[in-house]
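Presented below are the structures under discussion, each in the form of structure tokens.
Both complexes shown next keep chain A, but they swap its partner, so chain B is in the first and chain C is in the second.
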Partner chain A sequence: MSHFHIKTPFGLRPVSEFSYGGEVRPPLAPDAPDEEAIAHLWLRANVAGVQKERWFHSSGTRRWYTIVRDTRTNLVLAQPGEEYTEGAA
Partner chain B sequence: MSIEFEGREVAIQPGDSLAAALYRDGVRVFSRSFKYHRPRGLYCLSGDCPNCLVTVDGEVNVRACMCAAKDGQKVSRQNAWPSVDRDALNVIDKFHPLMPVGFYYKAGIKPKFAWPMAEGVIRRVAGLGFSDKSDAPRDIDRINRHPDVLVIGAGVAGLSAALAAAATGKRVMVIDEGSTPGLRVAAGPTKDAIDGLAAQVAANAGIELNTGTSAVGIYEGPMVLAITAEQTLHIHPTNIVIASGGMEMHRIFPNNDLPGIFMARGAARLAGAHGIKPGETAVVWAETQEAVEHAKTLAAAGMTIAAVVTGPGVDATGVGNRQISGEIVEAKGRKKLSGVVVRSTGGSTEEISCDILACGAEIQQNMHLPRLAYDLPCVLAGDAALPGTTLAEAEQQGKDAGAAAAAGLPLYVNPPASKPRQCGTAGYVCLCEDVSVKEVEQAIDEGFESAELLKRYTTVTMGPCQGRLCADQLRAIAERKTPSEAARVSAPTTLRPPVRPIRIEQAAAGARHHIERHTPLHQKHLEMGASTLWAGPWKRIFSYGDMQAEYEAVRHRVGVIDVGTLGKFLLAGPDVVEFLERIYPMRVADLEPGKLRYGLMLEEGGVIIDDGTVCALEGGAFYCTVTTSGAERLESWMLDWREAWGLDVFVVNQTASLAAVNVAGPHARDLLEKLCDDPIDKESFPYLRHRRITVNGVSCLAIRLGFVGELAYELHFPAAHAVEMWDAILEAGKEWDIKPFGLDAQRLLRLEKGHIIISQDTDFETTPWKVSMDWAVKLDKPDFVGKAALVRSQRRTPRETLVPWQMEPGMATPAEGSIVTVGGNLNGRVTSSKMSYVLGHPVGLAWVTTEHAKAGGTISIGGAPATIGDHAFYDPEGVKLRA
Partner chain C sequence: MSGLLRGRTFFKKYPMKKSYDIVIIGGGAHGLGTAYYLVKNHGIKAENIAVLEMNYIGAGGSGRNTTIVRSNYRTPEGIRFYERSMELWRGLSQDLDFNMMMSNLGHFTLAHTDSSVRVQRERAETNKVLGVDSRLIFRDEIAELCPELNMSLDVPYPIEAALYHPPGSVLRHDAVVWGYGSQFSMRGGHIHQGVKVTAIRKDSAGKCIGVDTSQGPIDAGVVMSAVAGWTTQVTDLAGVKTPITNHPLQAFVTEPVKPLLHKIIVSASLHTYISQTDRGEVLIGSEIEPYTTYSMRSTNTFLEHSTANALDVVPLLARLKIQRQWTGYCDMTPDYSPIMGKTEVDNFLIDAGWGTWGFKASAVCGETMAELIATNRTPDLIEPFRLSRFAEEMLVPEKAAASVSH
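Entry: the complex of A and B
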């Protein structure tokens, strides 16, 4: 059971109120070669470390939030709107 | 007051735990050990050892020492045959050599056929209680709590911490395993201190004390998982104070598991807190000064203290008949303790008769919770539990911790791993899993040399005590065998929650907290005898009892269905057209107000994820519907894309605020004309148009669609009017014998038209090409979600295609999911299949390989021939729905 909190306009809310939206990735260019398109569709970095990711507050504000989280410790290194600077946390 | 213990009555007194009540009654053997069925008695009396696990009111593995005795409880011991007192299975104890450590792994190899039989026997003989499988699992509530500061442990330090934190204005929650703070502490200054602090806490409105609540895990967040008998708590504090105290270490020597051997605190608890004289003659092994106090408590209860065996630096002057500086090296006795062998510091040994041995070994801090809290905002309430700490010091440490937690200062210190000062060469390391020193050493000889490997191979530390008694001893043995490799072989093993055994129901608490959504008409449907089924979070209506009658009403007269579960979205804003052009694969920009279009929704891979309609409203806004189960997901999906594209568009979810009903059948117009004065004739309100009309006095968005293949009006209106609208429609429809219809009828009605249902007929790789919906995709648009993938997939002929099929009249309707064969070879599968009443034969949809997906071709479904069609079987020209 992993647990952490995400900052919303209504304060820090437990992650159980959110649904995961995946890692933030650059958009796919319409003319991208096949290999790139396939990788975009089917492959994820799945990092053991710092990751920028999206969460949808499905049981709450019904908005998307982007956070930076360390997937090894579940520590949120940058809440929505905050800048993440490497090594800061 | 009394409990029923294995068929007889046992009196209980106020404040009794089950363990205390049974012990007072003369019960000495509380359990039989896991493997060898050795008799085991009370040992720790603090919930830390596995010895007193009993079955209470059908619930297995309850710690008798932690369970408050209640009038009428039914209690029995477990894991023995015929009884715990005379356990025939104890014969296993004679065959230790035949059941070496790792027995399962070794014996499980050959002969193969024998293993399942052996396993059955082992499962019956080994283990703890048997749970009652006939009992339906209870739903345990999951409660979220949000205090500022959480204090774990209501001892001197914990209560002091709570008071200090509350003094700063913080909301404080205190949890403790016991039923009352200090209940299990023998009378004396510690008890007085706790009572005094508890009274202050009770009087403080800023502190909530939760007794009978065990913290079983600490997670990131921080989030503390705690359990009570009735609830699972998810506590989300800003800061945590852990003041969970300490316990005496488990001592290892031959026969160290005999009934009559106690931890000194446990024996003192019986004597001091419960007023029970544990036995006649005691030997107290006092390795701490605290244990000397326990010896006094036992003496005060009327016991003869034959000797106090003191460790280094302990002064027992005047306590007990004799004081010997030395250690206990062996316990004597067969079914219970009869004496101990003491080796004095000088080296001489002697045997002393006694029926109670109180082992006051060195105190180890309870590090289970602190070790889980690594890296989290958590304050450890010092070493309040360690020997030599005075009450005043403990109180001060608590105050400091409480103040630090309130200020949000993490004072977390990576806890040191403790090691036992002494670890014997024979006896039981692990009481839970019945593992002796000899067996651990044998495992080391076999190559499992480090604590982590030994843990997995011998299962030491993996029993109910979760390593409280044995983890450090295991490490000491590993180090003793390979001293040169100490750093590697005796590193502390990984600790994982739960740190107390919890029931599966407690772990699963909240898992069955389903969101069950109802339309405003739900109660109406139930009153009409409707049966329901799940559709996403919704309970939808399957049928009102006679599916064929419902179907016939729609095909020949008129019917009405509640479609309020559809996802309903209002979209507006400067970029709304651009947004919809990118969301949908069909064209939206040219849609004039008053018109509507069917739209697929695709994910980036070009796979169909949903379908619905888009209505262009006056003033540039759009009203979009999506499927029942897709509404939640698609809202977040649309919002995600909105942000990705940076478009200025509002997405308003009206799913719950609007009700919707679909009036369908040849008389649908006749019916609505009775309730509506607006023109709804064929010319002023044709097929695939929408209008705002007033029905029964309520302004509705009316949409002409043809999912069921008849003249139909779908009415969307404020949910508050749902019941009156429903009643008015049913009343107005009486002259045509109107019937409300459910999903079962709707599924047949649409199947006769060859309409697909997303996710019933499609799967995770269904592109529009595969379901012949090329018409719903405009590849000449600049871009839309899934376009690139569709362009790519267009280069290849799809491997399989969804086709409508029909069978000859009189043939049995195949089951959905039946396999399709062509020429005897597996070819595809049936996704939808029903008996068509109007056509008189089975119809359906199936996946077949594209080469065989030719209209007029023959496939075989479950051995019966079926013909592939190329259009709707019912009203192929769509005359009826355009009526």
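Entry: the complex of A and C
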């Protein structure tokens, strides 16, 4: 596992303590048509570049965190609570 | 004697034409296999087929994999598909006039827990019904068949049982690529290396009519994507969305030694697989990275974990030195089965979702995708792997048989 850190209330913790929750997708409206629900359930952007994603701190604080990461380099561009602005890294 | 050292040219060079009947993106085992079977089985003229490869022939997964072929999968759909591949592998050296160096070692899937024993038993029974030689064996027989294994009870996860699949083999992956490629090329087929597809062109009705490449546009009757780890980059060009996510997989080989390991060993619980290649190197690999990334960096963490697990299973490897380590892309699907066939864009076909099980299927993929292109009808063998299965909730769950990457 390549190494990067995610910020928690207890400081930066190694990614090996976390479980991956996948790319952030807009929530599905309760009255969304079937095609939209199916797409939401299965289809992924699988971006090669900047991605907003969720991580669960399974071996630690047992909470969810949202970060922005460049999937090509594994550099974390925005830690939880930080705003990501393009080109900032 | 001098003939032995004579240089051999595998691929002829032709100038790129403006138009082909069939354009295959990706010059790996799948793409070249499809091109070969189109010519051989369906009589399509080789000069009307182009295989485009952005890197060199056999780069990516075709050039770096675990070379294991087997058919002891879990679902009837999967077993039938991979069993057809095994039939093709057995005759491929003769068919392509190229020595695949297929070594029929026999394949062990070790079970270290009761739940794993249950899964292996289920696989064995399904295999038997479909005529695949596969059975559950226990400690005495394991120790007899593979004395190199650590049968000690004094380890965290002692070996309880194993799924034994005698037809499991290893073969030379480069030979597969060169064999398909040279046969296709010898018949006049066009292979263009170093050509990157930059756009997939569609007409006003949304039908695929060709591609733009780094060396100019090409008109095409049918475009097929066989790019495995780069699938999303190609399907994005066509506007096709898939459930694929990209996870890297790492593996390494030790220094070459004389034959010492006579079976292919896989342990699902310990996330490791071990086999000795035809060059004498011991090849060890593990699980995919659990998160999506396009980084190909190899890591020390991986080496640490997988050597520890491998030594738990085969302690005699302890004194071997590690020679090479590498990382490759795996285009994973939610149900651990491939995505093959037509897409919502007419004349744009995909052969994707090959995750960690692509190499062993390359022969049958070539055959079935060629049939699909030539007849415009999806063969029964790959019908279950259609892209629309996700929307139809008709998954082909192979995680139990494919998740440890071998």
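Keep this in mind: the second predicted complex is superposed on the first by the 89 of 89 C-alpha atoms of A that agree within 3 Å, B and C clash if a C-alpha of one lies under 4 Å from a C-alpha of the other, contacts with A are read in each partner's own complex, and residues count from 1 in each chain.
Basically, contacts are C-beta pairs under 8 Å (C-beta built on N, C-alpha and C of every residue); 3 or more make two chains touch, one makes a residue touch a chain.
Predicted model only: the values in this text are computed from it and were never measured.
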Contacts of A:63 with chain B and chain C, given as first, second, both or neither: first
Partner chain in contact with A:40 - chain B first, chain C second, else both or neither: first
Partner chain in contact with A:73 - chain B first, chain C second, else both or neither: both
First, second, both or neither for A:30, with chain B first and chain C second: first
Touching partner for A:5 - first (chain B), second (chain C), both, neither: first
Touching partner for A:54 - first (chain B), second (chain C), both, neither: first
Shared chain A contacts, counted only where both chain B and chain C touch the same residue: 1-3, 15-16, 19, 41, 73-74
Residues of chain B touching chain A in the complex: 144, 217, 219-223, 225, 234, 236, 375, 604-605, 632, 635-636, 639-640, 643-644, 653, 783, 787-789, 792
In the complex with chain C, residue positions of chain A that touch it: 1-3, 15-16, 19-20, 22-23, 35, 38-39, 41-46, 48, 51, 53, 71-74
Chain A-facing residues of chain C, complex: 232-233, 241-246, 289-295, 297, 299, 301-302, 334, 390-391
Of chain A, residues touching chain B in the complex: 1-5, 14-16, 19, 21, 27-28, 30, 32, 34, 37, 40-41, 54, 56, 58, 62-64, 73-75
